[in-house]
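When the chains are written out, they are named A, B, C and D in that same order, and each has its own residue count from 1.
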Amino acid sequence: MSSHLGKVLHLTSFGESHGKSVGGVLDGCPPDVSLTEADIQSQLNRRRPGQSSLTTDREEADMVTIVSGVEDGLTLGTPIAFYVANRDQIPGDYERFRTIPRPSHADYTYQVKYGTRSISGGGRSSARETIARVAGGAIAEKILMEQAGVEIVAWVSAVGDIQAPDMDMQHISRGEVDQNLVRCPHAETAEKMIRHIQSLKEKRDSIGGIVNCVCRQVPAGLGEPVFGKMEAILAQAMLSIPATKGFEIGSGFSGTRMQGSEHNDPFMAAEKGLRTKTNFSGGIQGGITNGEMIYFRVAFKPPATIGLAQKTVDFEGVETILEASGRHDPCVVPRAVPIVEGMAALVIADMLLLQKTREQGLS
Amino acid sequence: MSSHLGKVLHLTSFGESHGKSVGGVLDGCPPDVSLTEADIQSQLNRRRPGQSSLTTDREEADMVTIVSGVEDGLTLGTPIAFYVANRDQIPGDYERFRTIPRPSHADYTYQVKYGTRSISGGGRSSARETIARVAGGAIAEKILMEQAGVEIVAWVSAVGDIQAPDMDMQHISRGEVDQNLVRCPHAETAEKMIRHIQSLKEKRDSIGGIVNCVCRQVPAGLGEPVFGKMEAILAQAMLSIPATKGFEIGSGFSGTRMQGSEHNDPFMAAEKGLRTKTNFSGGIQGGITNGEMIYFRVAFKPPATIGLAQKTVDFEGVETILEASGRHDPCVVPRAVPIVEGMAALVIADMLLLQKTREQGLS
Amino acid sequence: MSSHLGKVLHLTSFGESHGKSVGGVLDGCPPDVSLTEADIQSQLNRRRPGQSSLTTDREEADMVTIVSGVEDGLTLGTPIAFYVANRDQIPGDYERFRTIPRPSHADYTYQVKYGTRSISGGGRSSARETIARVAGGAIAEKILMEQAGVEIVAWVSAVGDIQAPDMDMQHISRGEVDQNLVRCPHAETAEKMIRHIQSLKEKRDSIGGIVNCVCRQVPAGLGEPVFGKMEAILAQAMLSIPATKGFEIGSGFSGTRMQGSEHNDPFMAAEKGLRTKTNFSGGIQGGITNGEMIYFRVAFKPPATIGLAQKTVDFEGVETILEASGRHDPCVVPRAVPIVEGMAALVIADMLLLQKTREQGLS
Amino acid sequence: MSSHLGKVLHLTSFGESHGKSVGGVLDGCPPDVSLTEADIQSQLNRRRPGQSSLTTDREEADMVTIVSGVEDGLTLGTPIAFYVANRDQIPGDYERFRTIPRPSHADYTYQVKYGTRSISGGGRSSARETIARVAGGAIAEKILMEQAGVEIVAWVSAVGDIQAPDMDMQHISRGEVDQNLVRCPHAETAEKMIRHIQSLKEKRDSIGGIVNCVCRQVPAGLGEPVFGKMEAILAQAMLSIPATKGFEIGSGFSGTRMQGSEHNDPFMAAEKGLRTKTNFSGGIQGGITNGEMIYFRVAFKPPATIGLAQKTVDFEGVETILEASGRHDPCVVPRAVPIVEGMAALVIADMLLLQKTREQGLS
């Protein structure tokens, strides 16, 4: 019962992977935000399968339609509903999973939780569900851009053991990120990653990876202590993305090895208010943004659906060998980049709107 | 406006560190759960300051009073309000922070967000706020224990560079954890940690650390896709604890370096339903528990308030040297153990109650 | 930002009257509830315009499509999205309202609130928005019927000054209600109502009315004190329907003239638990159902859009005469009957699911 | 699990009538609102029992203590917790209700819902619970007064058959309302009401009544379609008050007998925006305020607890005679006046804060 996210900017997500369509409803978007389907489509294109040799071969155009809440290219302040029709379904691909739950996939847990499940295409646990996140996030980005100039850029920083060097987070752009198929803006590392993913694809195996994200020009003062702290809701948003296993912000786990005297970010004078000399805090102190860059990392496990033979049992507990025959991603991180960006945008935009409730009076 | 957590089991938290009291209201607790103040007090005692030479010297008894929702040792099903009175306040300790925001503390961001703040004691951003979490969590544990036999145990696995070896998560108990001051159940490592913390305390510096947590006997089927997945809400809960910078579940960040063929947890027959041979998933697949142990790790940064001189600026941007004179923890992880346990209990209990809405009819 | 309703059974509504479609998403529906589009369509047919000479002449087939959440005629436990395409738009009808806000309509307040509005068709304030309520309510009814045998029947009890006599609430059925166009099950009164509505239609005027509703077989114990009491959420649900001005439950306003000794409902022994001899309480005591019939009345004002000339001002404040030329309902109550039923079903089903969280353990 | 109300301005209520205390937590109050306990106390004094010969003889001072969220007379923007200690408990008074559920009271339904209940004093279903409403409402009024100059005045318009004439809603003040014990500002009618209540008190019976309320200077544009319409949330708030049976706004039930040509409120030019010549709408059109006065009426049934002998059955179904011996109100409306005002303030203040989320950017 939790297919909705956000307090004021409220996203509802719907859709099984092989049903009629997947989509969502974004309620609470302020009026008069300029918005067209193209604004959403550009991010959906970065998410869609079949976009490169690194992703699944499924070809899905994933064209979005806005159904409500927008007129003459401007939002009305009413719920924005949107959907992407489902196509290219080969239910036969999934026939085996009817009786054999894929190891580390949601087949078993959905069945236990609901006593039923949509077998074809993984139903609601399919990565196809993330279309609502990317579309909703694209709208949230429009709000953030118009009202505060916020820029959000995510990229692949690791695939398996292959790690990219630190990027210049002040300047990294989506253009740079998209210069190669794997969305790692360090060309040399990207090449290694691509080769590694391709070799695993050939072996019918899969591999994990890490997506980094930076959010620039986020106004100071956003975040809702104590349970709605900015990093807390970002963590929820990121760990709700399929296949994620970890989240760290600012210094993250490596910050645990530092002393306070190193880790503390000293203040310095700035044009408006204060700034900090270092930014181990990742732009957030006490759950509230301080005006510095927010940056964080999200861990993605290797995709569960692989072609390699796996020794497991069927729903009845009888031992069997499972070889998935469908077309699946050997590594999700290249396609996860716009999803991470979208979730970050949804969270920050909600916090931006909430902070306005503290302004004096109505204009 | 987000001092509340949970959908059905709904915790509201209140209180500034140096106001009259801190406390909370837990709404949605089922009726007829046995509950006394002692059930809560035992966890609060593990959280309270001054409990050992490793923590701040402030002495706070932190005795809890239940105000409502309980009669004759049983819950009524109505809101359970509770509080701990504040004592031992030395507002003078905080006088310096009136004009100089502590680096990496919430002084600056609270001021920016609200245009005001409770200066004495850090107000709402103080660790004292976590009393509501520990108390609410202790009640949630009673629900979980009575209805499903769930056991939750957290411990310190790292202080700075000092890391404990892997523990036997099937059997680790709070008794073992509490055998030393630092709450690391590996005696040899604990000793090193203690010495390290004490040396930093003497240097008026601080250090970060990691808390691990395991949740056993969690029923399969809990978690609310797609935004209320079990790991997502656990991540929110953990990252809402003061001083946290990261969260990883199951294989976590190290899982990103694995291949699907290694990482997948094959199923095997069990007495009831299926079990998995390995548990890289950390007990959760597709956001829903599978009946295996949930385990995760939480990263805590070094406390921001240190006695060492820090070069920074005051609120006006004028350079200054800050030397905190108050009594502060050199390392938060020993006291964070019951907080992590409490937050885990609140999340899992909420999910347990939500899952009941899918049962057929009323009994 | 409040196009959603319900705590566990969560309805999101979307759609402008002249956009692509109107629809909704119902999250939290338990799995394995039998559901087809026909289940929804039958109630939508009772709501649709053009169904009789008493309603607007607009012809809208209003065929519903279920997009997700249902497979093989059974719910999956995942969000059920549905929509009805918009047709038969004559935007020209609305051209005048671009500059002249209709008296007592939402044209002016939408413009003030959002600084913009969907002019054509009244946008979100159109009665067309109620399609989501009727469709969501039809699903809620399936839950209530399968899990508890709840029956909900609404009817028209008054049109202007014409009032129907009291009905036999124990037995009144939708079949009886639908025996005439005005949905008043008392034939003689219905005839008067019909004549009255038709005469007002000819005069290009409109008239108000009252819808009564009874909910039978509602289990005892439903309702969530203190702010989610059954009557409170029913009142919210009913007063959220367009054109409503009042709600009364049980003895209602007439109960204010009674003494406690008359008004109190004495208990008597029953097969299971107790029952009451009288039912001035309307099936609810202390916000919780007692197992007796819930019954209530909803007041609808006369529709604001009338053809008669009205002296008013345009948005600039310049005096003008407004004569609406569109096709509008002279009286909304006949079509409001399934809307009231739907909202009641949504509220009671949510309360039914919430009450399960108090059951002992998981089955 | 619904002891909380409001989306941004979020009130949590706690407390059994004979527990340690009753109180609440108001989260989401903007910072820098001037607030002292005296601001709350003045409304609590109008609510407290024993204030006159018309109310119960129980003497409860009901002094409020603010625990958090306020420093130096100004709100901090953090949760404001407050409580009133319980006193003057004579549990013996309630001994009879242990085995005999009072007709039309919540004794039976609480027992069925929770399987247990606080017998002494009615527990959570006691009118004592309304202290949190009045206190929270008093804080909401401070917000409304400072940010928008909103004035809210309620009064008793009917006791049993005795009805007051229409009041001048533009000018009626709390001072006038409080000129007599029954809080009906029409002196002659008030006298009749007082005599009627006193005669019923002597007869150990009780009587119902109606409270009217006007809200002036409410800015246009407040209310959250489609489920959070202003009148919908007001209706929820009012029907959540104990003993209420009905709510009508603007023309209410009498508006159902009018034709559109009479009922429509024509617009006219005003200094800022438009105003309406009449106000049958009650200040709300399409769920959104239009800047005119909001006015509504709330129906209260006669109190269920009466001294007169009642033929009923005990929990086992055995016939018995119940004569309540406690001290109870013969009529609740005089004390309900500040409760209605408080609930109205909470609702309108929440809507005011929500509307700010539509402003452009942060100041």
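We take it that contacts are C-beta pairs under 8 Å (C-beta built on N, C-alpha and C of every residue); 3 or more make two chains touch, one makes a residue touch a chain.
Note that the coordinates shown come from a computational prediction; the quantities given were computed from them, not determined experimentally.
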B-D or C-D - the one linked by more C-beta pairs in contact: C-D
Type of chain A:chain C copy interface by residue overlap (half), same or different: same
Computed distance of Cα centres, chain D from chain C, in Å: 26
Centre distance in Å when chain B and chain D are each reduced to the mean of their C-alpha atoms: 38
Contacts with two or more other chains, residues of chain B listed in rising order: 1-4, 7-8, 13, 28, 31, 77-78, 113-115, 124, 221, 225, 354-355, 357-358
Touching residues (chain side chain D, partner chain A) in the complex: 7-8, 28, 30-31, 77-78, 147-148, 219, 221, 225, 352-363
Of chain C, residues touching chain A in the complex: 1-4, 8-10, 12-16, 19-23, 25, 27-28, 31-32, 65-69, 71, 74, 76-81, 83, 113-118, 123-124
Residue ranges of chain D in contact with chain C within the complex: 1-5, 7, 11, 13, 101-106, 108-110, 112-115, 124-125, 129, 158, 160-161, 200, 205-210, 220-229, 231-240, 242, 244-253, 255-261, 263-270, 273-274, 276, 280-282, 284-291, 297, 299-306, 308, 310-313, 315, 317-318, 354-355, 357-358
